[in-house]
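Note that chain A is present in both complexes that follow, paired respectively with chain B and with chain C.
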Partner chain A sequence: MSVVAVLILFSLLVAGGFLFAFMWAVKSGQYDDKYTPSVRMLFDDKNQVFSINKKTNTIKSRTNVEKHNAN
Partner chain B sequence: MQIETFNYDNKIVKQFAIATVLWSVVGMLVGLIIAIQLYVPALNLGIPYTTFSRLRPLHTNAVIFAFVGNGIFMGVYYSLQRLLKARMFSDLLSNVHFWAWQLIIVCAAITLPLGITTSKEYAELEWPIDILITLVWVVFAINLFGTIAKRREKHLYVAIWFYIATIVTVAVLHIVNSIELPVSFLKSYSAYAGVQDALVQWWYGHNAVAFFLTTPYLGLMYYFMPKAANRPIYSYRLSIIHFWALIFIYIWAGPHHLLYSALPDWAQSLGTVFSIMLIAPSWGGMINGLLTLRGAWDKLREDVVLKFMVVAITAYGMSTFEGPMLSLKNVNALAHFTDWIIAHVHIGALGWNGFLTFGILYWLIPRLWNTQLYSKKLANFHFWIGFLGIVFYASSMYWSAFVQTLMWKQFTPQGLLQYPNFLETVLQIIPMYVIRSVGGMLYLTGVVVMVYNLIKTAKQGTFADNEEAQAPALVKDPINYRKGMGHRWIESRPIQFTILALVAILIGGIVEMIPTFLVKTNIPTIASVKPYTPLELQGRDLYIREGCLGCHSQLIRPFRSEVERYGEYSKAGEYVYDHPFLWGSKRTGPDLMREGKKYPNVWHYYHMNDPRLMSPGSIMPPFPWLSDNVLDISSTPKKISVMRTLGVPYPNGFEQVANEELMKQADSISTDLAKAGVVVDPDKEIIAMIAYLQRLGTDIKAKK
Partner chain C sequence: MVSEQKPPIVNLTCFHCGDVCLSDSIHIDEKIFCCEGCKTVYEILNARDLCNYYELNVQPGKSQKSVFAKNKFEYLDDAELASRLLDFSDGKVSTVTFFIPQMHCSSCIWLLENLFNLNEHILQSRVNFIEKKLSLSFQTEALTLREVVELLASIGYEPFISFDDLEKKSKSETNKTLYYKMGIAGFGFGNIMLLSFPEYLAIDVSNTTLRTTFAYVILLLSLPLFFYCGSEYFISAIKGLRKKFVNIDVPISLGIFTLFAKSVYEVIANGNPGYMDSLAGLLFFLLLGKIFQNKTYDMLNFERNYKSFFPISVTLKKSGIEKIIPLSQLKVGDRFLVRNGELIPADSILFSGKGHIDYSFVTGESSPVDKNVGETVFAGGRQTGSAIELEVLKEISQSYLTQLWNNFQVKKNEHYTFSGAANLFSKYFTFAVLGVATLSFVYWMNSNTNTAVNAFVTVLIVACPCALALSTPFTLGNTLRIFGKNNFYIKNIQVLEDLGNVDTIVWDKTGTLTENSESEIELAEGNFSQKELSKIKALAGNSMHPLSKKIYYSINEPTQVAVDTFEEIPGKGIKGIIDGDEYAVGALHLSEKMGQETSSVDFLATPINSEVFIFINGEQEGKFRIKNKYRKETPGVILNLRKEYDSYLLSGDNNTEKEYLTTLFSSEEKLRFKQSPADKQKFIQKLQSERKNVLMLGDGLNDAGALSQSNVGVSLSEDILSFSPASDGILSAKVLEKIPVFLNFTKASIRIIYASFVISILYNLIGFYFAVQGLLSPLFSAILMPLSSISVVIFTTLTTTILAKRKGLL
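Presenting the complex of A and B:
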């Protein structure tokens, strides 16, 4: 049954790797924001237009459709 | 801040999409053929390449690695670029990935019908193809991590975490399970033997389901479900929690495939406990997917993409509830080896993987070709006929499983088996096999309609290889960078560095020691268990080539009903020379663990030539070519020496006399057959097959 040891070793290796990844994710601030990522991923459709506000140095993005509606 | 303009690679997505659709039809068509073969054995055509036992692994491999595999890559290559706001790392690697993966599939489609197989389920492909798979996987990994490295979006959306988990874990699983020693270019023996091999195989098998059919598809769900519904996922917090919980728990659940086997009890219980725990993260995923539609369920009435996705996620929920239930020992005692497992995996394959892929295709193809779906009506038709197909498929398989398992276990008041003839329990469920194939036919019809619909959609639109996009460059925060896990962090910490280096060395050392470590434990615990004779070894390889283990188990569980039917239950020590193990996972025919000496040689001769001659009504395919083919004995010496390297105690120099011994044993079987009035030359394959079958389970003398 010694192969159980091998399998546990490899399982721990995988789990340990993920633990490391998890700690990295938390430390590097991946999970500081638990809301906007879910919304942001919806807005990458084609015809996206960016504009830079030079005063505040922020970026606005909107789709052509929104631009059209605004006009 | 700098706005950068770049292109998404849509061409690679298109290629994978076409491959997904193509292989789905092929894989399911093979499935339908073998489903019908189960009640029309004549459909085996009496030729090797179209026989059920060789086509079954072709079906599973085609559906898992060709259909779902290409589906994964299609979804990953589309979503990854957009989530990271970057083109794939390298177009060259993308192309190598695509074409090499198709090459692997073609290799599988050629080798499996030819009987070139390792016999390990979902890992049947022989060692050269295993190496190719590893290389392609590395290409995929470099391409994915390279894209992550050059991303323009700091945050890694949850779908990407699922992709990462898939890449890393599948690599480890594939390598550990595929450690084998080549005999020739297309033949190898597993490095592990018997129970050990079974453990490794099902650790792999279970996690292949987890990390090939589940985690990548959950990643796809987290991208395409919100996209299709045009609303954010129900709870991003839940998605993070359930992801980490799922991957930490999944890798420990493998032993639930080996309940009531020779695996130690503590390991079996551990597998069961982790399997039950899996309900929580699995349902976390289901709830998150379904509740994305909260307040917008009315969209389901109109949107066929959402219909497919909702049924897929529901099937995922049902399947991940059923899985833990099947891991309970008392439920498993009934369900294992029956069609229940077939029903379970098809809820997953047809419902979860199939319907999610179709939903994604109906959403993606019109977008890639800048047009609308050609026909919503046809898509709706596909949805309902596919759904009906699943219902027919699952209900007939559940019914079949309950009937057969209860018949297997039924005793008369006098304490005898009520249905001692296995065939009787098979004949009882034939109508269910018919209904199952109708279900499969309905499902496949839906897929064919989809193909037409998608082709029409593509034809009315225009496709552009590259799609322009804009995003601000990612500014690396220098302070954060130093805090991270970069090399600078380790450089300033000598103690941590020493520990990590030590771990790396230890892993290397252990990996090197494993083979010797395993070989030593192959010393038999049962003195009467001896290595196979050269002829039996050749016969065993024929058993593997023909895929007998697709329908016949070699594992008698310690139940009264099984011991009465098949003989003494299996002991771990009986399998120490089995490279690979041949326990099987399904009893479409009876267990063969104690088949040896049950019937005379001539019975096996007639039975292999035409099973219905000896068992009227049997659904086993005929194997007449075994009586015509001449056994290739040139491989015997090499096989013996490879087995010795793996720890089987053949005496030194035995390979030189092995073929003499083989001939002697073949002659005696041929003479015995002649006495019974059958003239077969001793050099025919059937002689080796009979030798192997007559050896099975005869090493230990039990009652009777």
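Presenting the complex of A and C:
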């Protein structure tokens, strides 16, 4: 039956790992702003720096989908 | 403030900010702009190919009509000051966080996070939209803090930098602790449940060592739960008892403690885990409730001090040289400059320039007051127009505004921690529980000592009012959220309980019942031809005075005439020759013929109707009247609330509109005119001494005393991010009409709490039935306790949500 004890120890370790990850996330501020990341992920990547006007068309078609007002 | 002007001939809106354009003269390609400022922002963004900004939202910008002065941010060159604003600096790279109230849509986020495209020395920028904060890092060698701020201002996102920013505050740490506690409680709850499964399923474990090991592991897991997660309940209970008050935390602590003690005894004596699973579940649910009720509006500041609106520094003028000094170094007798849009920090004498002081910050009254050289200017005013030079009369700490503030800060006593239905209820509850426990102990004492102890302990366990403690945070927390979605922001859930008890409503007039930004000007007397009107408009167009601007926008005629020999006489008016006729617009005494003096404008009580006269060739031909407009919702709301609540009106103004207001408030006795801030506060005190629960609605600093005196003080604001005096709640002026619904809903929420008390008591009675017989098994308790908690949570959240939908709040 000692295998059960080993398993229990192992499960506690795994769960403890998740607890640690959660506390780490809280500490690093992931729960401070729960809104902005949801908007940020919809933006295109920083391809704008030297992009030419041709690109606007593609941006337009894509951004129309997510046209929403944060107000 | 961006004020919407009267629509011009054709409806053109600015490509950048969406404001109405007066003409299509400012344009690039097909795009029309309302002002040069907006056009500049577009050009900057266009040059860097950042026009995605305009693709994400239509007309996302903020109006650039009020352009900042060139040297407005000169004070940021001061190294010491700048370093206090920085979060971090290693000499090469600096990090700084700004509060940017203009942020309002996804375009803003996109642009502000793409700042590195505008300036390659900005390394990274990150937005926290909820808090309206932007943190960015930049290369110190190539870019100064001032340049960063100016870059932001040039694209329309001028950071709000105030006195308060110099003192860095650590915040949201308490919030994080709560998350840690919840995490640990959740971890403990899950694992203890898992390890208790052999007990639940009554598996006959032949190997007792394994069973004991399980029990000890559970004990180990429960230690942080009891000592860390549960600690605040013990602390709160002890605090309450010291003040001879039995709050809700007393029975909770009693329950937690008995659960823990009994279970530890079980582990050590019998090698079974006892009630540890119930303990873990209980703590987890309680902490969940705490997190739910702790909803805060980070971007709003309910304790906002007038100081946070003061500039950090002033431009000192000494023997012709301008020097920027920190505000704290300003002394009596110093001469300093105040530019357009800047706040006057200390009571002073106007030394040179024309003062058009906007005291809306203090009084809520929007029409600027004219000041001439030699007159006293009070702190808290905002100069509109050209720069003025002032001489300090009193130190900042002695100024009228500071006194106003300090005198009225009423310390709301600690009744908060003791109020609340749950707390009042808990006193009787605790005694009842102790009574039942003792009775059952005494009953069993003679026959079976073991059962007697067991019954005593389990009664205390099962009585733990977990569901009771959860009903308030979940009901009111949900209400708080629903109100927030409707632009009514409440400080915390205690305020909601107070709001439910309100029976008297006191209104401020100016800025609350009347509109603040949209005082209107109308032609009150005189018949003018279209041509004459367009000449008046042309004349007004030459002046930067706010009243002239209002006149300019109120006339819908084209202006194709030239004004000769234009002259602006400070404090009097404007005149000029148009087509050979002398036109003059201004106060009565502008024309010598009339010779009369208009009464000087009182600092706190500007008359609601001021008049501007029109003279043609010296003859008075007509007049404009500035009228503060009542909000269109005002009559409806007051008539509606009058039925249920005792309503009063307090006004700093004179009684010119008494008749109209009497019809609204039913009788003259309900109206008080010419009230000073102190009078307002005293009036509330008087009502409270008559055992009334007062809700005060106000907006300006002159209401600050009354707001903090009243049981619930709500400040009404056009723009919730702009200044509002310290209050318990901030209501957006847009939803004024919903006040009756809000009050109604609050009362209903309190009734929901009472209903959930009944549910919770029912569960307790079932538990008692078994407990007094000494039959409460750990398994039964592990099912009953979470069940009661969950059903209360579901009941309260569902009913509040359904109610909100019915009332049109969701």
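One rule holds for everything that comes next: the second predicted complex is superposed on the first by the 44 of 71 C-alpha atoms of A that agree within 3 Å, B and C clash if a C-alpha of one lies under 4 Å from a C-alpha of the other, contacts with A are read in each partner's own complex, and residues count from 1 in each chain.
Just so it is clear, a contact is a pair of C-beta atoms (placed from the backbone, for glycine too) under 8 Å apart; a residue touches a chain by one contact, two chains touch by 3 or more.
For clarity, every value in this text was computed on a predicted model and none was experimentally measured.
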Touching partner for A:Ser11 - first (chain B), second (chain C), both, neither: both
First (chain B), second (chain C), both or neither touched by A:Phe22: both
Which of chain B and chain C A:Tyr31 touches, first, second, both or neither: both
Contacts of A:Val39 with chain B and chain C, given as first, second, both or neither: both
Residues of chain A that lie at the interface with chain B and also at the interface with chain C: 1, 4, 11, 15, 18, 22-23, 27, 31, 33-35, 39-40, 42, 44, 46, 48-50, 59
Touching residues (chain side chain A, partner chain C) in the complex: 1, 4-5, 8, 11-12, 15-16, 18-19, 22-23, 26-27, 31-36, 39-40, 42-44, 46, 48-51, 53, 56, 59-60, 63, 66-71
Sites on chain A touched by chain B in the complex: 1-4, 6-7, 9-11, 13-15, 17-18, 20-25, 27-31, 33-35, 37-42, 44, 46, 48-50, 52, 57, 59
For the chain C and chain A complex, residues of the former touching the latter: 49-52, 55-57, 104-106, 108-110, 113-114, 117, 127-131, 172, 176, 179-180, 183-184, 187, 190-191, 194-195, 207, 210, 213-214, 217
Chain B residues within the chain A interface of the complex: 1, 3, 82-83, 85, 155-158, 161, 164-165, 168-169, 172, 176, 192, 195-196, 199-200, 203, 223, 226-227, 230-233, 236-237, 239-240, 244, 247-248, 251-252, 254, 263-264, 267, 467-472, 480, 483-485, 507, 510, 514, 517-518, 521, 572
